[in-house]
Structure formats: structure tokens, C-alpha cells
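Got some structures for you, see below.
In what follows, chain A forms one complex with chain B and a second complex with chain C.
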Partner chain A sequence: MLGIAGTLAVLTILGFVILPAAVVTLAAFNDKALLAFPPESWSWRWFAKALAYEDFRSGVRNGLIVAGWASSIALLVGTTFAFALDRYSFPLKRTLEAVLLSSLIVPHFTIGLGFLILAAQIGWARGFAVVIACHVVLVLPFVLRSVYVSLRNLDQKLELAAASLGASPARVLATVTLPLLAPGLVGGWLLAAILSFNEFTASLFVTAQRTQTLPVAMYNYVREYADPSMAALSVLYIVATATLLTLANAYLGLGKVLNVESRR
Partner chain B sequence: MKPQPFLRTFVFPAALCALGLLAAMATVLQYSLRAYVPGSLEAGGLTFDNFSALLKPLYARVFIDTVWICFLTAACTLLVAYPIAYALVHAQNRLIKAAILIIAVTPLFLGEVVRTYSWIVVLGNNGFINSVLLKLGLIDRPLQIMFTTFAVVTALVHVTLPVMVIMLAAALAHIDPTFEKAAQSLGAGPIRAFLTVTLPLSTPGIIAGVTTAFAWTFSAFATPQLIGGGQVNMISNLVYQLGLASFNFPFAASLSVAGLALTFAILSLLRIVARPFDKFGPH
Partner chain C sequence: MSSLAAERRSNGRAVAPTTADSDNAAVRLLGASKRFGKVVALDDATLSIRRGELMTLLGPSGCGKTTLLSLVAGFLVVDDGEIEIDGKRVNEIPTYKREIGLMFQNYALFPHMSIADNVGYGLRMRGIAKPDLKRRVAEALSLVRLTGVEDRRPHQLSGGQQQRVALARALVVSPKVLLLDEPFSALDRNLRASMQIEIKEIQRQLGVTTIFVTHDQSEALSMSDRIAVMFEGRIRQVGSPDEIYRRPADRFVASFVGDVNVLRGRLDRVDGQAIVTLGAAKISVPTEPLARVQSGDRVDLFIRPEQLRFANAGGPIAVDGIVAAHIYQGGYVNLYLEAPEVCSSRILVRSPEPDAISRWPIGTRVGVSIASSDAMAFEAEPSPQGV
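Moving on to the complex of A and B:
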């Protein structure tokens, strides 16, 4: 249906998208300590070096801690607020929603700067708490949207049926509502975790040396060294992400989550 | 369903988060109006000095450059993303659909640093493009591609593409496919059917995509920082240099406030410009 020209255009553009990933993969296997093209000799040593580098390892640890806490807290806040948005009316409801969604538009460097100065002003130590608080604010809109969409698609008759059979509101919530919401909850949590783990700009402002997340560690490395260790790390990153997304597509249906399924 | 009282407590966690965000924003606003005390993290008394300093040509230029880069990126991304979104929605084969989706969306989840670094390897003096051109004998010496606006915009388009594809695909997916078929059955060729039916109906998606791309690009930091290398500066880079490198929090704060005001002004402008196109969307 697209025709030859259309197919060619699409393939060229997809090529453009893959180009950096392909190039970085080739560069990662270069034996020499230069970013050269194409590699003359091949070696795994940059992968070994990247995996052993202490800053990268602590970066992964810190990143997992922050992402785990931030997405879990965001899930709690987002789910409770989605319920309130859908089923309860209270004054300033739309204002509160707008404030929480504003982190989508406000630049991350502004939010990062704000949390940095705020922490300095109220004497808050630059530990994990600041970073997690900042990340919660940044990923909340995504969790909120995911859960809210699931909630809207929920057939309330099922809940009413359970209630009419004698279940208390708490029991309805636990045995009917939450299990039906599970895809939205899991999808939202996963998206938040990935975004938090990869978040760079705000993290650059609010993390300190000992709470440095992986993207910040990588940025510091690139500024000082030019060897292919970063290329090796990037390849690991790309493989991990592509695998995660393929699995997510197979089990959750990425198309549905991102709302790009077409009407048939 | 009648509202249940326990939902009242469900509002508190969200209210707490909102308070946190507002506190951070208020701090930025507050610091933008206070004087800079060199060598200290504390700020002095109230003053408008930070904002009047923004009018200096040096800083005004950064604002203009930022807006220009954002518009350029949004426009180029639209051109490049539309075919992908169209292919994604109209592909019949499930595997092809999945492949396009994953390829288009993966860059989004790689994080700024990995993406930007990959572009350095492509665009650098020893990088992919220069190596290929040198090997083919098309050039004698490496082209200086890094540290130019072209390089920064290319990398930014790559960054913004997934978001634009998702928004366009969502809009295109909601257009009834029978409209285009009806146009073709009335004698229009596929190109004419697309231009007169599908394209106008996708206008809300285009506007949403361009708006998001603009706001997204405005927030970019790693790409202009590493690929611009100090020669192509956006507002984000200036805030970083002044805030984290010189610890001039007040001035960094005023830059942020001015940047925010600029973003809201331009987004509002976009909304006004888009209003006559609202009637094109599906009803």
C-alpha cells in the first residue's frame, strides 16, 4: 500500500534511527584505545573494563536504588490519585492535576536546580532522599496516565456485582479492581523505573559523588576519557533496553500501552 | 457509583508531591530575585539585577539560538516521523509493525548520555561519517561536523523522533481507514487521497506532536552540552555552567525563570496559531 518510494523512505529513516547504535557497536569491539573507524583488530577488553569500572558499578547500584524507590512511590501516589480523579470530586481537583502533570513541560534542569537549591536552603543533606523525591516528581505523570487510562477502561459493573454479592469496599478493591488494573499498574511502574534509571539532566544537579547514578557516571567518564569503554557500556545498554522492550511488547502489547493500535 | 469517603485520603499523597514540586519551583523563583554573593551558596537581598543582566547580548543570543534550534528540530522531526508513523499504523504484518515500533521507540529508552555519545562516534573527526567519506576518497581531510548547530539538531531530531512517532501514530490510528478508501473509490489517486483526507484529519496529532517536540527539545541538555561542546549553547547549558560550575544560583535561577516564561509564551502562541486547524480533526 505504501509503494516503492514510501517503503524506501521508511527504510532510510529507520536506518537513520539505527545508525548510531550500529556504529557504537562496531566501535566497542575495537582493540585499540581510540574511537576509530573501522576497527582494525577486534577485542572484548572494553566490555571487561566497563563492567569492572567502579564508578559504573556504583552508578548501576545507585540507579537501581533510586529507580526502585521512585517508581514504587510514584505508583502509590499515582494510583491513589487516579482513583480520586476518576471517582471523587473535590475542590481544586483540576489544579492539583495540572501541577502534578507540569513536570512534563518544565525543563528537567529547572526542576533539578530547584531541588538542589531547596535542599541547600532547608539543610537537607544531598543523599538519596533528595534524588528520589526529584525523580518521583519527574516520573509521576507517566504512572498517573497509565493507571488512569486503565481505570477508565475498567467496567464498573464488575465492581458493583462484587459489592452486590456482599463484598466490602476494601474487598472489592483487593479482589476485583486491583487485579483488573494490573496491566496498567505494571506498565506504569516499568515505564517509571526505566525513565528514572535513565534520567540524566535533573540527576546531574541533585546527585552527589556518592549517590551518582549511571548516566551521571557515564557523563563524567566521557568528559575525561576517550577510549571505547563507553562504547562497550552503550552496547550493553542498547541490548538490555531492546530486549526489555521486545518482551514488554510480547507480554503487555506496547502498541496498546502507547495507544497506537489502529481501529479495524 | 456514589463517591466513597475513603477516597478523601487518596488525595493526600498526591497533594504532598504537588507541594514538593511547588516548593522547588518557588525556590527557583525566590533565588532569581536575590543577589549573588560570590563564594557562597547563600544569596543576598532582593534585586532585579539577575533579570536585567539577561538583556546583555551575550545571554540574549543564547535565548534566540535556543528558540531557533527548538523550531528547527520540531520541524525536521515532523518531516521524518510522519512516514514512520504512517507505516506503523498501516502495516498489515504484525511482525513488521512490532519491528517498526521497537526500532522507533528504543532510542527513547536509551537515555540521553548513551544516545549523545553514539552520535559523537558517528560525527567525530575519527568517526563513522568522516571515515567512510575519507575511504571513498570524497574528501582529503576530516570534515568538522562536531560542535556545529547542524550536528546538534541532527542528534536532537534523533532524540525527539520516538515521541513524535508515538503521538502521530496515536492520531493516525484514530482516523477511520474507510475515509481514505472512500476518497479512492471516488477516483482520487493514493497521493491525493492522502493529501486531502488523511493529512488534514491528522492535524490535531501534528500540532500535539510539534508542541511536545518543542517543549522536549527546550529541555535538552546532554546533547547540546556534549555535541555543542561550548560552541552551541542552549539555555540549559548556561544554567548548568552558572549553577553548578560557578555556583551562581541566583543567575541560574533567573535564566530558568526566563526560560520557563519563554516556553509558556511560545506554547501559547502555538495554541493560538493552531486554533483555526481544530476544525480539521475527526469529529
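Moving on to the complex of A and C:
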């Protein structure tokens, strides 16, 4: 149907999408202490080294702390605002929406720098609070969007029906609204957590030695060394994320989680 | 019946209800109004719904019928007036404390719950113990003739089955009033007719007070004990289907409910009676709608198609027209006549005679007489082209 040229074009595009991950994956198994492609001899040893390297271990730990807190706070805040935007009309609604989504427009380094200046003023520059606050701002638009779409897809007549059957507002929320929003909430949280764990630019500004997240630790590492442990780490990262999304897909349905599928 | 007459006379304007009325009323609205910004969705509605009756709110979209239902359900709060359920003022009572049952147009079944959990939802909210709950869910499902689907999810059922579940869910809590919001519009024609009969039977059997919202006049005529016809936020008339059909209170009700011909005639007042002269025919009509019309003035005569007869059946000829079209309907034939001097559109005559098409072919001039006394006359509209 596409013809040979068309097929080739599609394959080329797909190739370019997969290429970086493929190159890095192969490079990770290079026995030599070089980031080279293609490798000449094969080894698992860079995986062992990456897993043992203290900065990476603390980077993962810090990253999980930051991602966990930031995405949870963003979920709470984002859900509240999504409800307000979906259910109520009030003055400056558009403005509120614009402010909440503004971190999509403002560059990450600006947000990071801003938080750094503020944190330095109040003497918080070395703690987790500033990193978490910064990440909340960065992931909020994604959570807001995800929950908002789920709310739009939720038939409000279901809540009215529940109320007519004697459910108080709190019980409507617990038995109808939240269960039906769950995929959107989990999806929003997951997306936020992945984005936060991955975030580099702003994190570079707001993390200190004690709080540096994995991407920052990787950056610091690659400035000094050029062995394949970076590539090994990337492979581990891809595998971990893929596993997480596969599980989410199995239990919740990926289409629903990422809100690419309409439920109407 | 006195309250009924009062309501009819009032045309929806607030009228002090009689005590007999309030004792017997399951739901009452007293001068209820609701505005959305500048739009008056419901204007000073007074309506009393008796225990066990099926009251239909009938009107075109935007007439305020859904607003009225939402006020009774507690989804909206009145700006003025009172809402009473079971003799108790409920203006400020939230929906979940009103003990109502509700069935939406799209059924609004909980998609994440099994059928049994859907039906049992209201009982769980009332803290009914499990064995009792199970028994009552089973009873409700057998009432709507739907068993063996307890463990399925709503999306696995057909539209008709989903409707039965929605009905069971609303009825299982023994509501003080059952609210039906356009329940049949999502069903296909055949299923719709059978569900109408079935729901009416269940309603009668349980004696549950029911408010039924529809824009479909034939649905309203076939299902209701009484009908409240609404238009532009006002209740225009309340009455039995027969009263609404045969004695419409105004032009709007007469044209909205059933087919009707609007013919231009002249009013004569004889001994306090109102007589409309149309051709050689003199038709006696109720005087109430004609209070402002003088003898000799032009009036619009509203007459149903089945009240018109071809002149060969006898009687003075009221209208002479030319047959313009036939529509064969099986049990009867609709004939459309053109008579521009008395009717700005085509006159519809319904003939039960199977050979009507061959007897009165297109182009034939035919005289029509008026067979029954069920005609109504209203003040002529300012522009004769108006109807």
C-alpha cells in the first residue's frame, strides 16, 4: 500500500526513534573502558560497576524521594485545581489555568535558577525541600492535564445518581468519583514520577551534593569518566521504566493511564 | 377534582392549594421559580402530584421540565417558592436525604460495579445488612424481569436491560417519588413501546408516585395519569391525557399535543354560548378561552383530524377543499386538503375507510363536515399567516 519508498521511509523513521536506545544498549556491554560503538568484546561488568557506584546509588535514592514527594504533592494540588477548573466557573479561571500550565513555557533552567535564588535567600539551598518544590512546579501541568481529562470523561450523572440513592457527598466521592478517576490519578502520578526522576536541567541548579538526583549524578560522572557504566545505567533505567509501565498497563490499561484513550 | 380545575384555570399561576390537596400530595411545588442568569428556566410553577400517580411533564426542549425535575431531585435549589415532598418542605434538604429514585436518559449505571452492586447501592448507603440486601436486590431484579445477570457489568448488557437495571436500582429503595428523565429516548421504537407498557405496569403495581419528563406527546398521552404541559418556563395546563387532548387550555397546548387543524371562523355569542361559524357549519365551543373576543370577531378553530368527516357522511359542510396528498397508514389514511381561505397550511383529515385514496383522488374538490363537539376556539392570531 505504501510502496517501497514509503515502507523505507517508515522504517527509517522507526529506526531513528529506536537508534539511540539501541546504540547505548550495545555500548553498555563493551568490555573496554570506552563509550564506543559497536563494542569489540562483551561484558556485564559495567552493570556491576554502575550498581555499586555510591553516587549512583544515592542518586537513585534521592531521585525516588524527590519523585515520590513531588508527584504526590502535584497529584494533590493538581487534582484540586482540576476539580475547580472542571466543576466551577469563577473570575480569572483562564488566568489560573494559564499560571498552572506556565511551567510548560518557562524553561526548566529558569525555574531551577529561580528556586535556587529563593532557597539561598531563606537558607534552604542544601535541602530536599527546594528540589521537591521545584519538581512540583515542573510536573504539575502534566498531573493537572491527566486528572482534568479524566474528570471531563466522568459522567456527572453518575454522581447525581449516587446522590439520589442516598449517598452523601463524601460517599459519592469515595464510591463513585474516586474509583472512576483512579486510572487518571494513577496515570498522572506515574507520569509525574517518571518526569521528575528524569529531570535534569532544573535539578542541576537546585540539588546539592547531598541531594543530587540520578541524572545530576550521571552528569557529574560523565564529566570525569567515559566508561560504559553510564550506558549500563541507561539500560537499567529503560528496563525499570518499561517494567513499571507494563505493570501499569496490565492493572489499569495504559491507554487509560496515559489518557490517550477516550472512555466515551 | 376541584384542585384540578383550579390548576387548569390558573394556567400555572400560583393558586392557594386546598387542604384536601395538600393532604393527598406526594410532591408539591408552590410558586417555584428558577433563573439562570437572566434566563427564567421555571416561572412561578405550582403543581401538586398525588400519591401513587404518574405525572408527566410534557413540553419542548427548554420548556423548564428538566429544571422542575432537578428541583424536586435537589440538584438545583429554587430561587423563589417552595418544594414539598411528603408534606415536608425540602427546599434546603440535599438530594441524598430526599429519599427519591431517579432514572436518567442514559441510565447512569456505575460502570465499575456489577449489576447486583448497582442495584444494591442505595441499600448499602442506607446500611441495610447483607442477607436482607441480597434478598431485596433479587426481588428488585425479578420485578423488572431481569435475573441471572447479577455478576455482569453494565456494559455487557443491552440498552433495554440497562434500563431495567436502572429502574430496579431506583425502585429497590422504595422511594417517596420516582423521577424518570426522558427514559425511553435512547431505545429503538419497538423496545420503547414495550418498555413503556412495562414501566407503567410496574409503577401501577407498586403505586409509586412518579414524575416523568418527556418531550414526546404520544408517550405522555399513553403513560400518564395526568400531564402538566410546559412551555417557556411555565406550566400551561394540568389535566388527564383526555382533558389535555380534548380541552386544551390554550393554542400552545392544542398544537403541541396531538395533530390539530387550525381553521379561521367567526364567533357568535348566543345566550351566553359560543358558536363558531365555519362555512355552513355552526360549532359550539367552550367559552372560557374566548373571554376577550367579541361576537362577530374572527377566531381560530382548533379541530382534531379524526373529528373531520367527508361530507357524504352527512352534516353541514364546514370547509370545501381540494385533496392535495394522501398518506396511507394501514389502519387509516391521512388526507391533506388545501383550503387557503380558511387554513394557512393543509387541512389533515383522518379517514378510517380503506378505499379513501381511490374515492378522493388528488385534485378532487371535497366538502368536509365536523363530526364531534370536541372543538376548541381561541382568539385569532394577529397575523392570519401566523399558524
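Assorted remarks:
Convention: the second predicted complex is superposed on the first by the 236 of 264 C-alpha atoms of A that agree within 3 Å, B and C clash if a C-alpha of one lies under 4 Å from a C-alpha of the other, contacts with A are read in each partner's own complex, and residues count from 1 in each chain.
The rule we apply is simple: a residue touches a chain if its C-beta (ideal position, glycine included) is under 8 Å from a C-beta of that chain, and two chains touch if they have at least 3 such contacts.
Note that the structure is a prediction, hence the values are computed from the model and not measured.
Three-chain overlay on chain A, with chain B and chain C fitting side by side and no clash. Ranked by how many residues of chain A each touches, chain B and chain C are led by B. Legend: residue contacts after superposition of the two complexes on their common chain; A:Ser168 is shown touching chain C, with no touch to chain B.
Contact with chain B, but none with chain C, is seen for A:Leu76 once the two complexes are overlaid on the shared chain. By the touch criterion defined above, A:Val139 reaches neither chain B nor chain C.
Of the two partner chains placed around the shared chain by superposition, neither chain B nor chain C is touched by A:Ala67. Once the two complexes are laid over each other on the shared chain, residue contacts for A:Leu181 go to neither chain B nor chain C.
Judged by the touch definition given at the top, the superposed model places A:Leu160 against both chain B and chain C. Minimum C-alpha separation, chain B to chain C, in the superposed model: 6 Å. Once the two complexes are overlaid on chain A, the chain A residues touched by chain B in the first and by chain C in the second are 160, 169.
If you check the complex, the residues on chain A that touch chain B are 1-3, 6, 9-10, 13-14, 16-21, 23-24, 27, 34-38, 76-78, 80-81, 83-84, 87-90, 96, 99-100, 102-111, 113-118, 120-121, 133-134, 136-137, 140, 156, 159-160, 169, 194-195, 197-201, 204-205, 215, 218-219, 222, 230-231, 233-234, 237-238, 241-242, 244-246, 249, 254-255, 258-264. On the side of chain B, the complex with chain A involves touching residues 1, 3-4, 6-11, 13-18, 20-25, 27-28, 31, 41, 80, 83-84, 86-90, 92, 97-98, 100-107, 109-115, 117-122, 124, 126-128, 130-132, 158, 161, 166, 169-170, 172-174, 176-177, 190, 215, 218-219, 221-222, 226, 236, 239-240, 243-244, 249, 252-253, 256, 259-260, 263, 267. Partner chain A is touched in their complex by these residues of chain C: 73-75, 94-102, 104, 106, 108, 110-112, 121-122, 125-126, 169-170, 173, 179. By the touch criterion stated above, chain A contacts chain C in their complex at residues 155, 157-158, 160-169, 171-172, 175-176, 179-180.
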